[in-house]
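Below, each structure is written out as structure tokens.
Next, two complexes with subunit A in common: one pairs it with subunit B, the other with subunit C.
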Partner chain A sequence: MFRFRLYWTFTKKAFLRSAVYRFDVWSRLGSNLIFLLMWGSIWTALYAGREEAGGVSFESMLTYIVVSQFLTGVNGAGTPLWEIQEKVRTGDISLELMRPFDVPLRYLFADFGSVAFYILTALLPLYTVMFIFMDLTLPSAWETWALFIVSAFIGFLIRYCIEMSFGLLSFFLVETGGIVDVFYFAMSLLSGSVIPLWFFPGWLETMALYLPFQGIYYIPNAIFIGKITGEEILLSLGVQLFWAVSSYLLLRFVWNRASQKVVVQGG
Partner chain B sequence: MSVVKYFDLYFKLISAGVRAQLQYRFAFVMRIVGLITSYTGTAVTMWIMLYQFQELGSWTFYEMLFLFAVAVLSWGFCIILFFHFRGLDTYILNGTFDRFLVRPINPFFHFMAMKFDVGAFGQFIFSIGIFIWVSFELQLDWTIGKSLFLLLSVVGGILIQGGLLVMISALAFWTTKSEQFYWVAMFPARNLTNYPLVIYPKAVQWFTAFVIPFGFVNYFPAAVLLEKETPFFPENIGYYSPLVGIVFFAIAYSIWMLGLKRYKSTGS
Partner chain C sequence: MPVIEVEHLMKDFMIAKRETGFLGAVKSLVKREHIKKEAVKDISFSINEGEMVGYIGPNGAGKSTTIKMLTGILVPTSGSVKVNGIIPYENRQENAKNIGVVFGQRTQLWWDLPTIESFELLKEIYQVPDKRYKENMDTFTEILGLDEFLSTPVRQLSLGQRMRADIAASLLHDPPILFLDEPTIGLDVVAKEKMRTFIKEINKERSITVILTTHDMEDIEKLCERMILIDHGQKVYDGEIAVVKERFGKTRTLIVDLEESSRSLKLRGGEVFKEEASRFWIRFNRDDVSASGLIAQITETHNIKDLTVEEPAIESIISRIYQEGYQDLPETVKV
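For the complex of A and B:
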């Protein structure tokens, strides 16, 4: 039985907790802006005054990057990977195992709270201003907005499940450095967060299209700028749902194995 | 205590640290593999960008790799010498910083020699590999003068990035925060300099040349070595890189010492 109210409490608590750490919010926003400046400049220089490249106008490309950076902010506002790993390493995770709730769901709902706070107080005001003052293309139909939000939300779930699964590997391996770095590489490149998939060399694009990471940034971004339209949107959402379910099953599998294998380090 | 004795002591302290880290072989190898992976990831990202577009602000793929490798090489040394400075806040909050004050050596030196991160070998392997590859591709002629200049500008880069790490750690004396400043300011700023500065707005370029002189870590020296132009800046400004490093580090060191004077232990 799923006790929604229990988990909702975590969401509310996390929201309130974020309000206490104001400095965190501001500093995170600062670094998000520096990366936006970086990728915005890179794409401006790559287009080098051209109106369009690869069938995409410069304005749309810039919008793609801004939306992507917004979603990066959203996806980065939850519990960081190292915090989970630290809990495993110190053994604090055992306290969570004793309590009457499901740990992966508890963190997911807590993340909803902290992400909501970050969006409302920092990301949304800032990016609204940016959309007003910069030459960016906004979707005209409200349906596109709605589909974008749905797609971004599914992307968030995919990212959460995969990231958490990787975090839980520290149950099995004391040092996960190399594996985590491969994950972050896949997250930033194969997700299309900084380079859209249509600019990839053919073979790499095919590879990326068979992987779950495209569902995190590429699909929502492409829906937003109208690169994916009409029936294709439904197909893309279907692909995202497939990966959301698959990555959830992966998380369940890893979690079941992990919680049975609590290695006690030290005395 | 004389400089020679300090050198001797530094090597004694770090060799103990290295031996301790080598006890965990698997962790050691994984860390190096991880670092090389993530740098390769950035290089692959550059490759894909330039696969379609050929050049970025008149820099080609191999030139960008070279620029990137200069930054990675000096950052490798920086990790060994100064990276742990960002965690000064934890020492201050826990009260464990006091132990650096009660010994008959310079506290700055003591704190610096406390840790030696062997992960830096990842940076060395990556950047030297790139240097060899790019030298073949661009047919770079490594004369003695050029090699010496690369060496000196790497020293400059170490002092500039190390200086900023020292400044960030000094903030902990006033605010009891430092680690966070690293991740929100210096980490993104370092990422900016992986790409040629010419692509950024003029204000940003100016800032990274004269306020936080990251431009002297890799952009200006690489431009000299590859004989590329640096619009908005005097030609061959890269030759000043070692000097900028020394001045910037001296400023950072005085700020740190100033903070130290102000330091009052936490707790009762």
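For the complex of A and C:
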């Protein structure tokens, strides 16, 4: 039986907790803006005054970068990889095994709270202003907005499952530097968060298309700027759903192995 | 009626053997050898409802390992555990509802939030009915003085306040069994005393079964009648604390201040083991000679200005047992 009220309480408490870290919210928003400026300038330079590149207009490209930074903000407000590793190291996660709830779900719902707080207080006001005052290509149909939100949410779930799985690997490894590098490499490049997939060399694009990371940034973003349209959208959402389920199964597998290790080896 | 039954409990850990040197490091990349460490080897005991038992032993004796098996976060290698009729590791979540756990070294409260928020969260986790939650909060607030810091974030609490909050948190769902792991560690004398009074009270009034692990023998002495002493993963004593005290606590120390300094003091049945100007420390066995007998001997030749008789605390008895071994422990209860 799924106890929604219990997990929802985690969401509420995490929301409240985020309010404690006001400085954290502002500093994260600051760095988000700096990255936005940086990528905006880089892409402006790359387009070099051209109206279009790779079949995508400069305006759409700029929109892609803005949306991508927005999604980075959303995904970055959850429990980060290093914090999961820290909780594994200190034994906090092992001790949660003796509580009557499911640990991966408890962290997911707590993340909902932290992310909601960050979106409402920082991201939404800032990006609304940007959408209004910058020359961006915004979807005209409300359906596109809705599909974007759905897609971004599925992307969030994929990212959560993968990041949690990577974090839980600390149960099995003493040093985790390599894991962290692989994760952040995949997260920034293969997801299409800084360079859209259509600019990739063929082999890399193919590789990225067969991996789950594109579901986190590329797909919702491509829906937003209209790179993916019509029936293609449904297909992309299907791909995303497939990866959401797969990464959830991966998380379950890693978590089961991890808790099995705790109960046999003492963590 | 026993609420905790442990029979022939064993727990082995496989520990990766560390190779030394460069070659060893390279070798361990490919292949790791493991050595078996028996953390708990064949421990049995049973604890009745409402008992308060001190579970003690030196560092690395296997205390935490046993407690972890009782909470269900460790699976025994062999043997059986039953807590309130449930096998903890088979039904961890069900077992969780029957136990309250306090770790003195860490907190179960949310660090950054006002204390009350953690209580509300625990209320949801354990599905405590509103009415019962309010009753418990009122009781705990009254005895533990929670109201002075309920709206303070946990990270700003003093250690004493944090411990009080933690023990209240562990009892919100009315668990019949409470595990306390060093509940008074780091507390000042007054805070320790408050904590002990509270533990005693809830044990009595709610007949909660308490298992207490601690290195503070005063906790054991003031709270428990029974203690289980373990070392090297084995039970070495299980029985009344009074018996141990009786057995090992026969040595008394008589300290006398004489009016004039004396060069020597020869006594029948007593042994001077320390002297300082006109003060003498005399060790004697209660069975051989009485304190008054010794005093009488001294007054024959000297004038006594002041005197005290010291009885050894359980603290020093236990440290003696740790150092000298367990051979002298009472036969009747020795396992």
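Definition applied: the second predicted complex is superposed on the first by the 262 of 267 C-alpha atoms of A that agree within 3 Å, B and C clash if a C-alpha of one lies under 4 Å from a C-alpha of the other, contacts with A are read in each partner's own complex, and residues count from 1 in each chain.
Convention: contacts are C-beta pairs under 8 Å (C-beta built on N, C-alpha and C of every residue); 3 or more make two chains touch, one makes a residue touch a chain.
Predicted model, so just to flag it, every value in this text is computed and none were measured.
Novice: According to the stated criteria, A:Asn256 is in contact with first (subunit B), second (subunit C), both, or neither; which is it?
Specialist: neither
Novice: According to the stated criteria, A:Phe200 is in contact with first (subunit B), second (subunit C), both, or neither; which is it?
Specialist: Only subunit B; A:Phe200 stays clear of subunit C.
Novice: Please work out whether A:Val20 is in contact with subunit B alone, subunit C alone, both, or neither, and reply first, second, both or neither.
Specialist: The second partner, subunit C, only.
Novice: Going by the contact rule stated at the top, is it subunit B or subunit C that touches a larger number of residues on subunit A?
Specialist: B
Novice: Jot down the residues of subunit A that show up as touching in both complexes, subunit B in one and subunit C in the other.
Specialist: None.
Novice: For subunit A, which residues are in contact with subunit C within the complex?
Specialist: Of all residues in subunit A, those touching subunit C are 3, 5-6, 9-10, 13, 16-17, 20-21, 90-92, 94-95, 97-101, 262-266.
Novice: Okay, in this complex, where on subunit B does subunit A touch?
Specialist: For this pair, the touching residues of subunit B are 24, 26-27, 30-31, 33-35, 37-38, 40-41, 44-45, 48-49, 51-53, 56-57, 177, 180-181, 183-185, 187-189, 191-192, 195, 198-201, 204.
Novice: Per the contact definition, I'd like the list of subunit C residues that touch subunit A in the complex.
Specialist: Per the touch definition, subunit C meets subunit A at residues 13-14, 65, 68, 71-75, 89, 92-97, 99, 101, 103, 106, 108, 110, 112-113, 117, 120-121, 124-127, 153.
Novice: Given the complex with subunit B, which residues does subunit A contribute to the contact?
Specialist: Contacts found on subunit A: 23-24, 27-28, 30-31, 34-35, 37-38, 41-42, 44-46, 48, 53-54, 174-182, 184-185, 188-189, 194-195, 199-201, 204.
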